[in-house]
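Okay, so here's the structure we're looking at.
Naming follows writing order (A, B, C and D), and every chain is counted from residue 1.
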Amino acid sequence: GRFGDFGGKYVPETLMGPLQELEDALDQAMEDQAFHDEYHHVLEEYAGRPTALTYADKISDYLGGAKIYLKREDLNHTGAHKLNNAIGQALLAKRMGKEKIIAETGAGQHGVASATVAAKFGLKCKVFMGEEDIRRQELNVFRMKLLGAEVVSVSSGNGTLKDATNEAIRYWVANCEDHFYLIGSVVGPHPYPRMVRDFQRVIGDESKKQFLEVEQELPNRIYACVGGGSNAMGMFYPFLEDDAELIGVEAAGRGIDTPEHAATLTKGAPGVIHGSLTYLMQDDNGQITEPYSISAGLDYPGIGPEHAHLFQTKRVRYESITDKEALDALRLLTECEGIIPAIETAHALAQAFKEAGSMSKDETILINLSGRGDKDMATLMEHFEEEV
Amino acid sequence: MLTKTSFQGKLEKTEDLFIPFLVAGDPSPSMTIAFALRLQQQGADVLELGVPYSDPLADGPTIQRAARRALNAGMSLRKAIELVPQLRKHGLTIPVVIFTYYNPVLRLGHDQFFELLEENGVEGVLIPDLPFEESEEIRGQAESKDIEFISLVAPNSEQRIKQIAENAKGFLYCVSTLGVTGGENKMTGESLAFIKKVKEYSPVPVAVGFGVSTNEDVKIVREHADGVIIGSKIIRLIENELDKINSGEKSGALKSFSNSIAELVK
Amino acid sequence: GRFGDFGGKYVPETLMGPLQELEDALDQAMEDQAFHDEYHHVLEEYAGRPTALTYADKISDYLGGAKIYLKREDLNHTGAHKLNNAIGQALLAKRMGKEKIIAETGAGQHGVASATVAAKFGLKCKVFMGEEDIRRQELNVFRMKLLGAEVVSVSSGNGTLKDATNEAIRYWVANCEDHFYLIGSVVGPHPYPRMVRDFQRVIGDESKKQFLEVEQELPNRIYACVGGGSNAMGMFYPFLEDDAELIGVEAAGRGIDTPEHAATLTKGAPGVIHGSLTYLMQDDNGQITEPYSISAGLDYPGIGPEHAHLFQTKRVRYESITDKEALDALRLLTECEGIIPAIETAHALAQAFKEAGSMSKDETILINLSGRGDKDMATLMEHFEEEV
Amino acid sequence: MLTKTSFQGKLEKTEDLFIPFLVAGDPSPSMTIAFALRLQQQGADVLELGVPYSDPLADGPTIQRAARRALNAGMSLRKAIELVPQLRKHGLTIPVVIFTYYNPVLRLGHDQFFELLEENGVEGVLIPDLPFEESEEIRGQAESKDIEFISLVAPNSEQRIKQIAENAKGFLYCVSTLGVTGGENKMTGESLAFIKKVKEYSPVPVAVGFGVSTNEDVKIVREHADGVIIGSKIIRLIENELDKINSGEKSGALKSFSNSIAELVK
């Protein structure tokens, strides 16, 4: 249950049993070809995989350096990579005979993905969401309800993702016998970080195959944004043994020299959050601090333990991008390629765009376009209304 | 079968234990001292002194509120430990168990944490998010400092019950029901069978916590276990007195608190 | 330029030249394998085609009759079938050396698709939109602007799609030399209805192939909603010579016995609208009347001339579905399958769901899931807020 | 080369034609009659009587507004045609061309349409959205009723110019500039070459329309074509008088209108 020094199961005793049950079921499922077949069948037939690999010719020309490719997770059903994992875990829940799932959500993307698979597979679904996030993400709340899920408002703490996750774990502690907790990122106690990565690695597996088809070699650099880090782990994992340089991009919010950011690896320290030993943002007393990012999906004080390991071993380079840089990259991609990315994704874009120009024209870049920007329209309107 | 010399010999009883829980600094360090002394007066055998934490995963809303009050009052792991000599100075003689989530301990560093505990004469430590499998190092350190590392065991610990119980120190914290603190107590036949099984393996007293909130609960627990742990209910009793405390009527608040505790554990 | 009695070029003389130029260029392009290759390359690499064919097992079981399959145009980039056509026409515009495109839009979906291809292919884009629709579809207006398009507010008439189309045609009349008019449906003067159908037939072509793969025979019935009718023509066209029963579903609004509907074939009469002889909604004096539907995409008083022909020859059966029936079907699909369809699409679903139960279990239904419901959230919130 | 007996012999002139356009019923049928008579007084040779339409694709905002006013006043294709005998009764002698979009004609039916035209003594018909290729049937019907079917030709009609011009009846409506009605007139060298080419093929007078709005425009058109068609400018002159008309000062309005027309075509 470790990635080097990180990971583990730092949970109340009551969860040790359910986690063992989960791990046993997961290991069994992963060795069962029928489970893989069903998972991949649903990904293809329902979620619309494989997602496209798009050559971004205009922006490549504009930046004048490396050829830039985009892995189009925005084309996944419900608009982001989140569904890959939700499908995998829902199938596992069914296999374990659990008919009720719980999930935490910040901006609502994982909540929508969970509500979606609950509807599709006939499970009851309860989504924990901070009351502040419920206020900010009214549309996604409605979407979850329309899908038949119950949205539980969490008023503890600041009413955001961290608090929703705490509350989901607490609820699971009390109801673990018949509830499956569907975690949305590569965080949480073992075996979650591994499981979520394994349900997201389809991104990297497909990318590798597609990239080799069009370029006959692997990309020189691969970029992905990192909040909890599931889209990045899904993309990076199949490339870990290859030469490709891997770059994870955190949210620098208003700047990493201000208190308002979510750059966990860049500015945080090792500790325990949500059951896992990893890096997190905390004060000198070990109290977890509130992160900030314009992007709700990156606005998380922790990070998956495997990222902490890849940071420590330097296999992945971690950078951070401010709100403003992300918004600029979002506009550039939109105007050049006709693709409005999620603000989360725009962090990865911004870092890649920064570096692409100084790379040579025979080098290549792969960016994980983790989600579409439809959910961010209200935020974008606030920021761009005067300009457009 | 029970060992007698736990908590550096300070806990000689091995049954009918009353183990109350307070959040250090809720609503202020001085009130924590006052409440602790009243609890001792009412027969407390061990004090669980909780360190407030931003993200208390094992706790329900009551203890979350208490933690928020204490954090707002500036409490920290270090300050909570340093409160122990103050408690002693005011007359607390029963053993004190520092109850803290793991992250503040990690932040401080294991070595510094145990030095602090030792310097301040703390007899026990309980880390609710550090299960048996993750606590080997810290259990070793605790043992070497003669500080009891309190383990928890739950009805769904299953094949791990034996392992946890056999390795228990001080007392064994038996989670009577699945859930976070402050829930409802449901002493079913299953719970009783579970307690019985735990007692078979445990060399230390078995105390039952989670959801003990009425005198009736206390009586049932006493009947089957070696001790009763009361947390959220005590916090709620403190909350009942907050208005009085804030308006300066501290002695009235303490008197009323004492009466309620007496009623609860009679 | 005719489909039986319907079609033609009923336009001001000034447009006859540009239409001929377009037709010549189109015919050339359609005979050029390189054009086909580029079009299909963009569909795959950029739009994410082929879109999935999803077996809707839960709803099939629930209705207890035919097996229901969904062709997932909602998974297309920008969320609906509209992009297929926009890509085709944008490539044609480039081939013709036109660097400026104009488009009309109602709810904004075709406007977004046009703005998207304009960004992708480096064209200038002007989208005509009624002032009333601009007010109702603020989000899509912003999206188009973010993509770099200019949105022209049309105040003539009632400020809805019909008026936006009139104004786009007028603008084209004056600027046809260097502007390409990118019409969004199988309407308008020849060769538009044929061209748009040919750029949408990829839906039916893919469906046929996919259906044969999973069921080894063609579907018994195929449903699609019809406003202008491009998703329906795209789906139906490759099946016209087959045995499958084809059902086009119009919007009955508040009921076809009220004045508030958009059931053009059911209640309209032959006439000329937007350059084409077809069915339309008109009064006794031949003035075009205002349609009504809860769904902005079906809220159009005309219909593609090929539909008029298929109606007259009875090759396609046309039905109509009320607002309420559509909303009910939308909820049912959402709750059973975890797919929130566009309200337009929900009309096709409602008709199919009506009929599925009385079909036998070895019969099959194919529904064109023309678009996703994200754009309709505000409308759905108004209607469902109390219930969910 | 020009034929002389067009419009049932009522139009003997083949040059220097002044062809004004009115929307029937804008702002009321009686005012249309009054305006028409003033236009005849000011030298109009043919009257284009426009039928208001909900979706006038070839018209700019000015004529759209006029159509809206007329529709609100209850005008229709049938009523517009039936207005012609009224015009005659009040003294209009110049030929009248009914200008209508195609859909109202279709709705009425071709046969009934031509019967109505004939019954009401209409000399010509112009359908702006029925180009040469779509009008074969209707041209035949017009010819058999001795009603002139007016064709339009545009600078970008290209190889079709010859075909359209050679088949022209009554007069040939030459669209001077690309665009809808009411735009700006841009008489470039290209436009002049285009008019010259049209005149070569046309057996009937070539009249130029679209964007003629000043006396200077009129003079230039007169110099190169056989006639000038004025639409939007006349509507705007009527709009200038709407306040007077609405406040009952009809004769003042008509006088002012006449003066403006005189100035325009002087």
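For the reader, a short list of remarks on this structure follows.
Convention: a contact is a pair of C-beta atoms (placed from the backbone, for glycine too) under 8 Å apart; a residue touches a chain by one contact, two chains touch by 3 or more.
Keep in mind that this is a model prediction, so the values were computed, not measured.
Distance between chain B and chain D, defined via averaged C-alpha coordinates, is recorded as 98 Å.
In terms of their C-alpha centroids, the spacing between chain A and chain D amounts to 67 Å. Spacing of chain C relative to chain D, judged by their CA centroids, is 38 angstrom.
Residue positions of chain B in touch with at least two other chains are not found.
Residues of chain A found to touch two or more other chains are absent.
Chain contacts here run in a simple line, from one end chain through to the other with no loop closing. Chain pairs that touch one another: A-B, A-C, C-D.
On the chain A side of its complex with chain C, the touching residues are 44-48, 51-55, 58, 72, 74-75, 77, 79, 115-120, 122, 139, 142-143, 145-148, 331, 334-340, 374, 377, 380-381, 384-385, 388. Here chain B touches chain A in the complex through residues 53-61, 64, 71, 76-78, 101-108, 128-134, 151-154, 156-158, 160, 164, 175, 178-180, 183, going by the rule given at the top. By the touch rule above, chain A contacts chain B in their complex via residues 8-14, 16-18, 156-157, 162, 166, 169-170, 173-177, 269-275, 277, 280, 282, 284-289.
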